[in-house]
């Protein structure tokens, strides 16, 4: 679908080099500082660690096979996927109304203030904030004291902490700003007059929302999902701090190998996880399309 | 939306608008409360007497603030972390924003694949990246670890966030605005400065904010790429044997206050600058909302 | 209309790249120069735990002998080892535990030295200068610093009768009331001690199976894994946990945080423990500063002060006398300061043949 007027405005083709040069610094960083070092890690994943804790270049698929042969890793990975999905869903659900409120009903200057207010608390050490959550959710913590104070419960509950619920809650807390920023960015460019126009033409508010707003902020929503879901697959600190004995997510198991200098196993497991994510992204690439569609009028 | 002008006053709206707005405002309050609840406790513990931050609270005391000030290693670590975050974020945002343009616009056949490659650093655990970089820096490049190797490590895993968020914003960008600018005689660079950049500014700022957040508490990659320096996260996360003391809470509180103060000053300064420019009649660049 | 960057001609592009490249190269040269400069100003690079020094001590040494320190933090022996393996001479001194010391030596990363050539070493308990695992033909492998056994701490209000064995951790009475450290290999080692296994870091498959069986019984009793000692103390203070494993000093820290009295003991089957030392890195750029530094830093006055601040036994005998004079004897004795031979009864932490297997066992038990 080529608009002849637009086509006439395109420059005649130049070499890819001059067209894509702003990509170069990022490309160099990615290639030199990431892909190249990762090839070493790929090699590690196919080697083994001997009993002296040294990496030995014996080629083997054992590390990968071990991930699938020992049931605990697949089960934990599934549990992690579910947790990540649950946090992502909750993150979008909580951040979207927040971002919507900011963009629609708050003056521009105050928007910036509120955004900063959202992110600045996260410039403190995560460990300290997790300890604060322990103090809030714990048996003698603030939440229990509050609930007892208003008479809702008679004795302190141990339900709030050191289980999957607290992991979910604290993960939601940690990743909320990422979702909020991504959604804010998407909503901010949306022209709300369209909603009014739709309603003038007889649409109900929820119809206007669903069929006009959501499709236009879809790239932002996808970005928010990526920002929350993907890093959670690598989260190990939160499960340790508030997850209790049963709280381990897949990254905990991987990090255990890391702390024991089993880099070969760790690398293989990491690539299995990454491979899975890549497969998902490829399958859903239609929704992730990045190239510019013809500009909307 | 213009400053302070409430759309509800200007346009005809549905009956649901006012209660909806009240509901959303309440929700925003709940969210902010949720975000600051642990912060309140964190600050509280910095004034507690016990060596272990936590409840029950006994105090208050300024002891830990005094300890913090006399702890040279901790102070240096804080300063290094601030510099690190500043440099890494600046570079990361710059590089990431630049990369977003060709990714979205120049019709790379494999732009989708490029985007997936950009997401890779987020998928892999920091530990893997840290070890890989350590081995790479020392064995492949033969360089000593230093402040700059950490910066590079941080750029690797923060840049994807910038690229993703800026490119999402660039998608569906109304090119007519740029073409109109060209029709009015603006060079491409001028159009970029006055038309495109202001409109994607929220995405750039969001990317930068995310980069700072990620960089300022990053431990594993930092540990493996840092030279003989300390950073705040490495200081905190290595207190395993005997636990952190409220000194760390004190540092966090001071940093929080400092950041708020700084941003407040910047905001006030920006407000003044705008007032002055209005007085002197210079038109603000950028159009749109 | 062109995009702003499409107008760039090839020539312009190359010019800009050249300038950018030059800037980066200059930056690299500048960085290299600064690393070189440190040699002349008498500063060396030390990777250690934060309780191995305190600020006033370092300031005084700097003033007295113009030897400064660049401290970088150490989290874990394994990570320190991995980093030292790559950075080698960029570090000058590394602290390490027990069997990690000879490991570092075997890998050619640290060097042996004549400990008796340091006058300050006479202040050490003689046993500390003669540890077999740290003795090599070429000399001693590290300057001994401190040690601690792992103890079990319990709250007598909830735990009775008074326990004396690892077995208490498996008692179903204490379901969900126990905190242990988030260190898989060590936790498996605790279970190995319980099962009477002699060498928990070098277990056979049969022994691992025994340890795993004990671990499965431990699992329902665990409330959480402590990332840091702070977690352990907080859990004991809030009485969410009634039992915990910890380094020495838990009872003092719990008391100080407002908790009730907690009792600690060393299990009768024997326990795991660590003792650490300062190792001299082979080929460190500022290698010559280490011995003069140790001569000053390990003086009994500093060590005594360090004990008062951080509270665990140290190997300096001279410091004990100072502590007695300062009225700290009760605490020092409680921490077994004057009984460094305890170290010989502990199983020392370190790398072993069954490290990988232990991790696998742990993951199998505590994974989903």
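Note that the chains take the letters A, B and C in the order they are written out, and that residue 1 is the start of every chain.
One rule holds in what follows: contacts are C-beta pairs under 8 Å (C-beta built on N, C-alpha and C of every residue); 3 or more make two chains touch, one makes a residue touch a chain.
Keep in mind it's a predicted model, so treat the numbers as computed, not measured.
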{"item": "Between A-B and A-C, the pair joined by more C-beta contacts", "value": "A-B"}
{"item": "Of all other chains, the one whose Cα centre sits farthest from chain A", "value": "C"}
{"item": "Whole-Å gap separating chain A and chain C, where each centre is the average of the chain's CA atoms", "value": "34"}
{"item": "Whole-Å gap between the CA centroids of chain A and chain B", "value": "15"}
{"item": "Residue list for chain B, restricted to those that touch at least two other chains", "value": "53-56, 101-102, 105-106, 131, 135, 179, 182, 237, 244"}
{"item": "Contacts with 2+ other chains: residues of chain A", "value": "9, 19, 21-22, 127, 131, 134-135, 138, 140-141"}
{"item": "Shared-contact residues (touching 2 or more other chains) in chain C", "value": "1-2, 5-6, 76, 79, 82, 227-228, 230-231, 234, 238"}
{"item": "Chain C-touching residues of chain B, taken from the complex the two chains share", "value": "50-56, 58, 70-73, 101-102, 105-106, 131, 134-135, 137-139, 143-148, 178-179, 181-183, 187-189, 191-192, 196, 223-224, 226-230, 234-235, 237-244"}
{"item": "Touching residues on chain B, where the partner in the complex is chain A", "value": "1-7, 11-14, 16, 21, 24-25, 27-28, 31-32, 34-42, 45, 53-56, 94-96, 98-99, 101-108, 111-112, 114-129, 131-133, 135-136, 140, 152-153, 155-156, 159, 161, 163-165, 167-176, 179, 182, 199, 202-203, 206, 209-210, 212-213, 216-217, 232-233, 236-237, 244, 248-249, 252, 255-256, 259-260, 263, 267, 271, 289"}
{"item": "Complex contact set, residues of chain C against chain A", "value": "1-2, 5-6, 8-10, 13, 76, 78-79, 81-82, 103, 176, 182-185, 219-220, 222-225, 227-228, 230-231, 234, 238-240, 351, 353, 355-356, 358-360, 362-364, 366-368"}
{"item": "Residue ranges of chain C touching chain B (in the complex, touch as defined)", "value": "1-7, 27-28, 31-32, 34-35, 45-47, 49-51, 55-56, 58-59, 70-76, 79, 82-83, 86-87, 90-91, 227-234, 237-238, 247, 249, 253, 256-258, 310-312"}
{"item": "Interface residues, chain A side, partner chain B - complex", "value": "6, 9, 16, 19-23, 25-27, 29-30, 33-38, 40-41, 94, 97-98, 100-105, 107-109, 112-129, 131-136, 138, 140-142, 173, 176-178, 181-182, 184-186, 188-189, 191-192, 196, 199, 205, 216, 219-220, 222-223, 226-227, 230-231, 233-234, 236, 251, 254-255, 258, 263, 266-267, 270-271, 273-274, 277-278, 281-282, 285, 288-293, 295-297"}
